[in-house]
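Chains here go by letter, A, B, C, D and E, matching the order in which they are written, and residues are numbered from 1 within each.
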Amino acid sequence: GSDDDNEGKAGSSGGSAPDKVTYITGFGTFGREAYAYVAQDKGYFSDAGVSVTIQPGQGSAISLAALAGGRAQFAPVDLSSTIMQVGGGKVSGVTAVAAVHQTTDAAVMALADSGISKPADLEGKKIADPAGSVIGALFPAYAKLAGFEADKVDFVNLEPQQLGVNLATGKVDAVGQYRVGRPNIENAVKGKEVVVLPFGKFLTESYGSAVTTTTKIAEKDPDLVRRFTSALLKGMRYAIDHPEEAAAVLAKKHPTVNEKAAAAEIELLGEAVQPKEEGAPIGTMDRERVAGAIKALADAGAVKSGLTPEQLVSFDLVPKS
Amino acid sequence: MLRRVMEFGWPVLGLAAAIGTWALAVVVFDVPEIVLPSPADVLDAFLRVPGYLLGEAVTTLVVIVLGFALAVAAGLLIGVAIAASRIVELMFSPLLVAFNAVPKVALAPLLVVWMGFGQQPKVVMALLVCFFPVVLSVAGGLTSTPVELVELARSLRASRTQTFLRFRFPSALPQIFVGLKVAMPLSAVGAVIGEFSAGDEGLGFVVVQSGANSDTALAFAAIALLGVMSVALFYALVLAERTLLPWVRETTSQR
Amino acid sequence: MIRVRGVSKSFDGRRGTVEALRGIELDVGDGEFVAVLGRSGCGKSTLLRVIAGLLPASAGEVRIADEPVREPRRDVAILFQRPALLPWRSVLDNVLLPIQVHGQPRPEHREAARQLLSTVGLDAPFHRRLPHELSGGMQQRVALCRSLIQRPRVMLMDEPFSALDALTREELCEVLQRVHMEYAATVVLVTHSIEEAVLLADRVVVLSPRPGQVRTVLDVPVPRPRSLGHDAHATELARCRAELHDLLLASHMTGV
Amino acid sequence: MLRRVMEFGWPVLGLAAAIGTWALAVVVFDVPEIVLPSPADVLDAFLRVPGYLLGEAVTTLVVIVLGFALAVAAGLLIGVAIAASRIVELMFSPLLVAFNAVPKVALAPLLVVWMGFGQQPKVVMALLVCFFPVVLSVAGGLTSTPVELVELARSLRASRTQTFLRFRFPSALPQIFVGLKVAMPLSAVGAVIGEFSAGDEGLGFVVVQSGANSDTALAFAAIALLGVMSVALFYALVLAERTLLPWVRETTSQR
Amino acid sequence: MIRVRGVSKSFDGRRGTVEALRGIELDVGDGEFVAVLGRSGCGKSTLLRVIAGLLPASAGEVRIADEPVREPRRDVAILFQRPALLPWRSVLDNVLLPIQVHGQPRPEHREAARQLLSTVGLDAPFHRRLPHELSGGMQQRVALCRSLIQRPRVMLMDEPFSALDALTREELCEVLQRVHMEYAATVVLVTHSIEEAVLLADRVVVLSPRPGQVRTVLDVPVPRPRSLGHDAHATELARCRAELHDLLLASHMTGV
């Protein structure tokens, strides 16, 4: 485990023993996840009296299961995902406490030479996307707003790790990807130009991922939640301001990381993280927008309507200016 | 008569015990459905889309059987080559072992890029996952013929082919069947892993799809179907063994 | 026909070496019947296996029909001390095995096999059984039939009658004599029975044990066909028997 | 002497041939690195972070060995139980077969939830993936003792334990070793699959991470290390077999 | 001691049923030595295995020491027709097997085993060898030692000397007689050798074949120790031998 990172840094808040928590990243150890490692490396967590173990994640479903099963206490989970799982009755007892992406980071990427340059070009094309992914779920809503027919697009199931290869070799015309994943895809297709069609352009209400915890923790120890999220978001702030350094921190911890791509991802991340409302802090969440995000998914048929924002977000714990 | 009945009774009892323990565990430890659904949840999930699940099961079954058949063919071929020549053994068996230690999931991208999204990469995956036990048991069986039988073959000046066909192979059959029995469920694993990684058919797809949707109960229903099919295929193999190798039961002591 | 020159054989085991044969010299003429007699463990089977080409000699050379023996030959039938039947083949198919190894058995081969089986006292109901359903002696008789179906020019037989009762043994000795005379086959018969050696052989080679060495070669100057019941040459046979008895005893004394 | 040399020469030749073919294929078919890196790319990737890779390899090695050891223990236990009692066999072997047909990757989330992110779930995964061949070979070996040996045991009124220890088990050993040899690389597969699905250590983690970064060469380097370790473990097993069961080589005909 | 009452045995094979034994009646007294003689395949081994409790009778009952036999007993030693040695155990350990199965072998057991082995002509260098390094006759002798080390009250022996040469056989017959007298053991000896039966047994049971039935029981009223060389009772022994020969022949005629 990565527990050893915490050694030698006594908890400072109140002098009591630090709270031990496990944090699961959104997916793996991409540059877009660097902020947690930065918070760890810079001692923001220990300053906040939290001893954090960071574990690379495997996607929303597994993160939610780990939260529900008590194996992890915090994880950034795509809010759309949470809406669908909670709305479908599969998951309960989890709540979002801070936004990571203010706008959904979902996107579709294609090679420039495939002739795809705008959303409508996707009609009649083959898009690869992992089974059950958020991108696939949001796609109908996106198509509706972007003005083309989702039914005319051919979706194929493909594991996340295979997206780049299959785009590069022309097996598929486009892939579902997070917007920040662009450097990674560019790396995979080796120099060819990549076209990005971000969903956020049309799905303006939808958040991307949000720091999620269990309702139990949110109710029993709101202080822990506040300390943790503020340290995490402090890491985020620092990472966005110092992409190269953040990438280096990540690469030091995980030598498999491509430092250049990671730095580029972090650059891209800043845009999505920045609150749209003037003066609002990173991580802010708005009740109306969450309601809008729910509605967008309900309209797309991805979830039954009737879900309230309070079932998903603990607004009292969300960072406020 | 009672014996016959119990041949079916005991497995049912075993199944009942397993399901009972599972149901109890879910209740006692208050496990959330997303982590471990109860048997009732799984049944519900199955009854929600029985036709769909059975259809996907058939898709997967075809892959399992094809992959297994190819694995048997490949395993026989390689096993025979290894048994026939010390040089082949020395040259290639380390490579085989190394290859077998590769988690085949890691090879999925290659397969998809080469073979696309159809049935083929799944069949190949099933083959790759399950051929090694066949190779080892074939090679092992063929190289442990009792000396007296091989001496008999030599004394008759049997050619290599004849020695193989009439002496080594029949006497290796009991061991080969153990390999086949190990390979059979592995073929199921391979088929499903293949379906995990690409394509939108089969129980494997159902498992990832429902897993990503946190519909663990549906994933379990698919897995249960997979289990049922594998058990049926496994016992078909056991039956084949009994019919084809009557002398084995009578010259060895079962219990 | 068979020429054994200075054959020695040692086995290297993990627990040291056993010298099984030392400097064996033996000539067997065309159509001759030679018995190899010796005490248990003296190297009879080893000698036979070296002659057969199943076991390489540590020193010396074996020639059959003037060719050095390195591997078993097609014109040589070998009958092992243990029956070595294929457990998955019926009795009849076991007998037909040599034919099948060399080609396709034709109806006349099947007929011959059935014939042979009933000659050794195994009648039709047993032909379709598997070896494990037979008694020890029956298995040995099946193995005998298997070695006879090849109509070999040379027969190397390792105690073919050891598991048989006195009467069956007598009958089969007769069968063997007949075969020997009909096919003009050269026979080397390993046996532990003085009786058998005297009854069947033109010459008896007595091995002394550890290491196996040729102690004497005794001629049995009695015309064929011989039988135990027959009294014409009774005294001659009795003399041979007594002599062999003494030789065996002596071989034992000096050998160990 | 020459023989000894060739015992090492042939495998090296085999490896060289394999790598040569691979290198050639990459060049001839102009395969992009992301699909199939060339051997040189893989070597480069290894030399980029050799210390890190070796460290992760050791982590994985520990998991493989622990998982294998537990699988042997569990396999012996279950195999003996199945061999000992027809009822146990009837009740539980269908369940075992069904369980073995479940792709263990599908259970990874469950394991994480039960056991967290440490070494434990990986060891358990290795165990789960590789114990079935051990069970089958143990049960198979124990129930195919030659009748004459079991009759001897009965004639001595050997207790069940004695019959097992002194008759059935030693005579099952050659078959059990085949099972162990099948299980050994599977344990590597299990360990890596475990590392795939949780935690941030081991070669499995390296494979997913580099795969996700489209750094296929690094993934292959990790896989190659895994192969090397498995081959070493496999031949350790072969060596153990030769030393422990000398009579087998001498009463059976290798070739 | 042993009481066989109306024992029949049929084997149901896939190719039909074989009736191996029919209505066998036999009493063996305490300390008596009975030989079972019959032609190959007549059911001798089957009878022995039924008496041993290794094979359930299809009909009838066997009692030993007044207890019905269902499983083998500890006080009964069984010597099989095939040596059935454990291939992974040295010769000495094979002999010690019965002791080990029942407890821990003590030094005196090892001594006894060594003693026995040299009595049957297997000296020290062979004690540490594995069975496959022995000749057929040597293996049989090891099996004999294994059955003797238990000092059993009852010994059931299936052709213990079939693979042995005449001299070794004579020596071992002597050993067996001695053991029989020393331990006061009850012995049932299956044999296909008239010689052996006459030399060893108080009574000889002649089986006729297919199905095996008791044809006659012949008393051998000659005092012990007997030997072939001994001439005191030569005529008596010769008479028995001749009679058995005729009986076997006759059993054959009527039997088939």
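By our rule, a contact is a pair of C-beta atoms (placed from the backbone, for glycine too) under 8 Å apart; a residue touches a chain by one contact, two chains touch by 3 or more.
These are the chains along with the protein names UniProt gives them: B, D = NitT/TauT family transport system permease protein; C, E = NitT/TauT family transport system ATP-binding protein.
Just so you know, these numbers come straight off a predicted model, no measurement behind them.
Each step here moves to a touching chain, and the least such steps from chain D to chain E number 1. Taking each chain's centre as the mean of its C-alpha atoms, chain B lies 49 Å from chain E. Note: centroid distance chain A to chain C, computed from Cα atoms, is 85 Å.
The centroid of the Cα atoms in chain A and the matching centroid in chain D are 37 Å apart. Among the residues of chain B, those in touch with two or more other chains are 35, 109, 113, 149, 151, 196, 211, 246, 250-251. Residue positions of chain E with contacts to 2 or more other chains are 82, 130. Under the contact definition stated at the top, the residues of chain A that touch 2 or more other chains are 61, 65, 68-69, 161, 165, 169. Taken together, the chains touch in the following pairs: A-B, A-D, B-C, B-D, C-E, D-E. Put simply, chain B touches chain A in their complex at residues 31-35, 108-109, 112-113, 116-117, 196-200, 205, 208-216.
Of all residues in chain D, only 148-149, 151-158, 162, 166-167, 170-171, 245-247, 250-251 touch chain E in the complex they form. Across the interface of their complex, chain B is touched by residues 59-61, 64-65, 68-69, 84-85, 88, 90-93, 130-133, 155-159, 161-162, 165-166, 169, 171 of chain A. Every residue of chain A that touches chain D in the complex is listed here, in rising order: 1-2, 22, 27-30, 53-56, 58, 61-62, 65-66, 68-71, 160-161, 164-165, 168-169, 184, 187-188, 190, 254-258, 261. The part of chain E that touches chain C in the complex is made up of residues 11, 13, 15-16, 18, 37-41, 44-46, 81-82, 121, 125, 128-130, 133-138, 140-141, 159, 162-169, 192-195, 245, 248-249, 252.
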